[in-house]
Amino acid sequence: MKNIMNVIARALFALALVAAAGSAIAADTIRVAIGQKGLWDTMVVSQGIAAGFFKKEGLDVEVTWTRGGAETMQALITGSSDIDVGGGILGALGAYSKGAPVRIVSAEFHGASDLYWYVRADSPIKSMKDMDGKTMAYSRPGSSSQLVALSIASAAGVKPKLVSAGGIPDNRTQVMSGQIDAGFAIPPFNLDLVAQGKIRIIARGTDVPSLAAQTGRVNLASSKFLTERRDVARRFMKAYFDTVDWMYANPNESIAFFAKFNDVTPEIARQTFEAYPKNTVVPIPIIGLQRSLDQALEYKQIDKPMTVGQAEAMIDLVYQPVRK
Amino acid sequence: MIGKVGGLRIVTIAVVLGLWELLARSELLYEGVVPPLELIIIASFRQLTSALIYRHLATTGLEIAIGFPAGLLSGVALGVLMGARRFFGRAVMPYVETFATAPKIILLPIAMLLFGTGPESKMALGALSCFFPVVLNTAAGMRHIDPVLIRVGRSFNLTRWQMVSKIYLPALRQAIVTGMRLGLGLTVIGILLAEIKLSNRGLGYLANEYYNNFRIPDLYALLIFIFVLSIGANALISRLQSSR
Amino acid sequence: MKANGNFAPAAAGLLGLILLAGLLELAIRFGLISALIIAPPSSMPAAFAKLWHDGFIVEPFLATLGQTFVATLAAALVGIPAGYLLWRRPLLTASYESWLGAAFAAPLILLYPLFLVIFGRGYTTTIFVGFLSAVIPIVLKTRDGLAAVPRVLIQVGQSFHLSRWTGFIKIIVPAAAPAMLTGIRLGLIFAVVNIIGMEFLIDFGGLGRVVSEMYFRYEIAGMYAAILLILLVSILFLTLFERIERWLRPH
């Protein structure tokens, strides 16, 4: 009997040791939903994981990739994820106005330097000026691609026929098979076709400088998460900020990581990097709210006008770096 | 006759494959949308020999493994109830029939609002898809049970549970299996479509990934894999049906 | 309209539905169920009104209807001759019937990314998917209907020395018509289900797209209203077709 008690005691002691050691290195788990794999701005979290920034904050990050902002927000609202990276601001404002328990914790992308429109290489269209009456694609009604398309068209003084053509791969098929004249994409997508001379870029978001002053994509968190695990959220955002700083302080490494992560050539990775100057991905501040609110009203994302003050109640910056 | 049938089938397959290859090598369709057969075969081989497809198959399989029995059990339960209590059955039938004809995928948002965007919502969709053919077939089966059997059961003063297990269920076996067969097909379709719409795991998700990244030969290879599996499962159940 | 024997269950069913809706409403009001997950039944009229006002009812309804009509028509134009061909050549039946059955059980709608790639994101793809789901039941039912015509009837025709063609038109076709109609009805149902499913999946087209759009815009009440609308459309189709079938078969 004594022997058995001895064995049990030793086993319990060993177990206790393991548990103690385990809890010392146990990290906090955080579930992150990210829209659209393959873009430069959506890669921040993956970069941060690889470079160890999240581990440094004691965070174990579980990433779920979705196909876009609307879907990431659903993951957030239904509690399937804690943080939503890269949600569209119009959708976020819309959900918030309908009572969704979400908060903006930082910006994710400002401006429109990523979007570009292209035509088939053999198309007679040489620039936006030739696009009058021709079909120009955007993804879904109320999307940033639609808004940017409209801005680009009016800046060029033409009236193309805007068509909802779905995502980037849908655009690609329809342009290449001749169903629409100009489709949109975001680097690095379709840059391989550019390199092969099969398509030509006729317009970019940067063609309309005023678009730069608007935050298009934001990072969101559920209010429940912010209430119950605020410190985890703060540490996550700190690591996020640090990663962004690191990516631009070490461009060669971040470009190389991007190329490997998304299975593209170093050249295409570098072109992608050039479409995203640092000021486009700094997580604060959130700019252009009035304009976003106007657009949200126009495209029926919100039913009643919302003031900037009301919208700002949605913003909860859990972490703000001390900037010199 | 067997010889002619087999012969015609082989010729048909050969002609279809030949036309495919012609179409692939012609310039008619945008390049890549109809890839040459060898690319599909290579993609197939690559997929089957790597772990990726099996990991996603496991997720989809789990969703089916939970969704299908859930739908089956609840379907049989309601079907038996509708048959045993005729008034209730006739009151409820129009609603069941209406829901049965509606596409279940549109109920996915409700499932996701209730269960989140993970595998649970897909299981719920699977259960919903299976439920209706099973209910309808079971209820119909109940109506066709020989009244003699029911009177015998009643004359023995069987409890409700004994009526179900000793009289109803054995008599319903054929109807339930028919419902099962239809239900399984619809469950698989429902779960795959739900994965395509919004998920980050599973065969439907994988197909969507291939499409988004324009990996068309992989997409074809994966679809062939899915089709072979579902036709195989269907054949398996029909073996069960005929052996009973 | 409804026979007296059907009145009591129908009334009970309706009453039960209203009771359930009432319970749901109470559960939501008392906070047992979140209104952000299940819209309270009392919000449905306003939600429908909003859908109507924003143009999410009439146009999408017509779009879905139009696609279903075209798809089923095409399926009938292809399926009935194909069924006839299978019936005339037993070899074809023996070779292809089980294939068609297997294809029908397989998740054909999964092929839609391929159609998206081949036809692009437009009505061609959705109608084609509807066509594929409708054509197989039409082919199989047509063949079955023709094959099930009792020999007696054919012999009667022969005893009147009717030509092959007249015999076919005057005897076989009317006898097979009920089965063919059933096939078309099945085809219609499968077409509309798959078309709405497609619309939901690719965010394009009519009623299915509306559900998806309401979901992604987080307009939960509107989403439920759209789903109810689709259910209403299903009832409409079913009842309409049942009426047509009964009218064409006055016995």
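Letters A, B and C name the chains as they come in the text, with residue numbers starting at 1 for each one.
Just so it is clear, contacts are C-beta pairs under 8 Å (C-beta built on N, C-alpha and C of every residue); 3 or more make two chains touch, one makes a residue touch a chain.
In this text, all values refer to a predicted model and were calculated from it rather than measured experimentally.
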Hey, which pair has more contacts between C-betas, B-C or A-B?
-> B-C
Name the chain with the Cα centroid closest to the overall protein Cα centroid.
-> B
So which chain is farthest from subunit C, going by the mean of the CA atoms in each chain?
-> A
Interchain centroid distance [CA atoms averaged], subunit A/subunit C, Å | 40
Distance from the CA centroid of subunit B to that of subunit C, rounded to the nearest Å?
-> 18
Gap in Å, rounded to a whole number, between the CA centres of subunit B and subunit A | 36
Would you give the residues of subunit C that are in contact with at least 2 other chains, written as numbers and ranges?
-> 36, 116-117, 215, 220
Which subunit B residues reach two or more other chains?
-> 29-30, 33, 113, 208, 211
In subunit A, the residues touching two or more other chains are 71, 74, 173, 177
Parts of subunit C lying in touch with subunit A, wherever the complex brings them together = 36, 54, 116-117, 120-122, 202-204, 213, 215-220
Tell me, which parts of subunit B touch subunit A in their complex?
-> 29-31, 33, 112-113, 115-118, 198, 200, 208, 211-214
Within the complex, subunit B is touched by subunit A residues 64-67, 71, 74-75, 78-81, 167-169, 172-173, 176-177
In the complex, subunit A touches subunit C at residues 70-71, 73-74, 77, 91, 94-95, 98-101, 140-142, 164-166, 170, 173-174, 177, 179, 300-301
Report the residues of subunit B in contact with subunit C in the complex, numbered from low to high.
-> 1, 4-5, 8-9, 12, 29-30, 33-34, 87, 90-95, 97-99, 101-103, 105-110, 113-114, 185, 188-189, 192-193, 196-197, 204, 207-208, 211, 216, 219-220, 223, 226-227, 230-231, 234-235
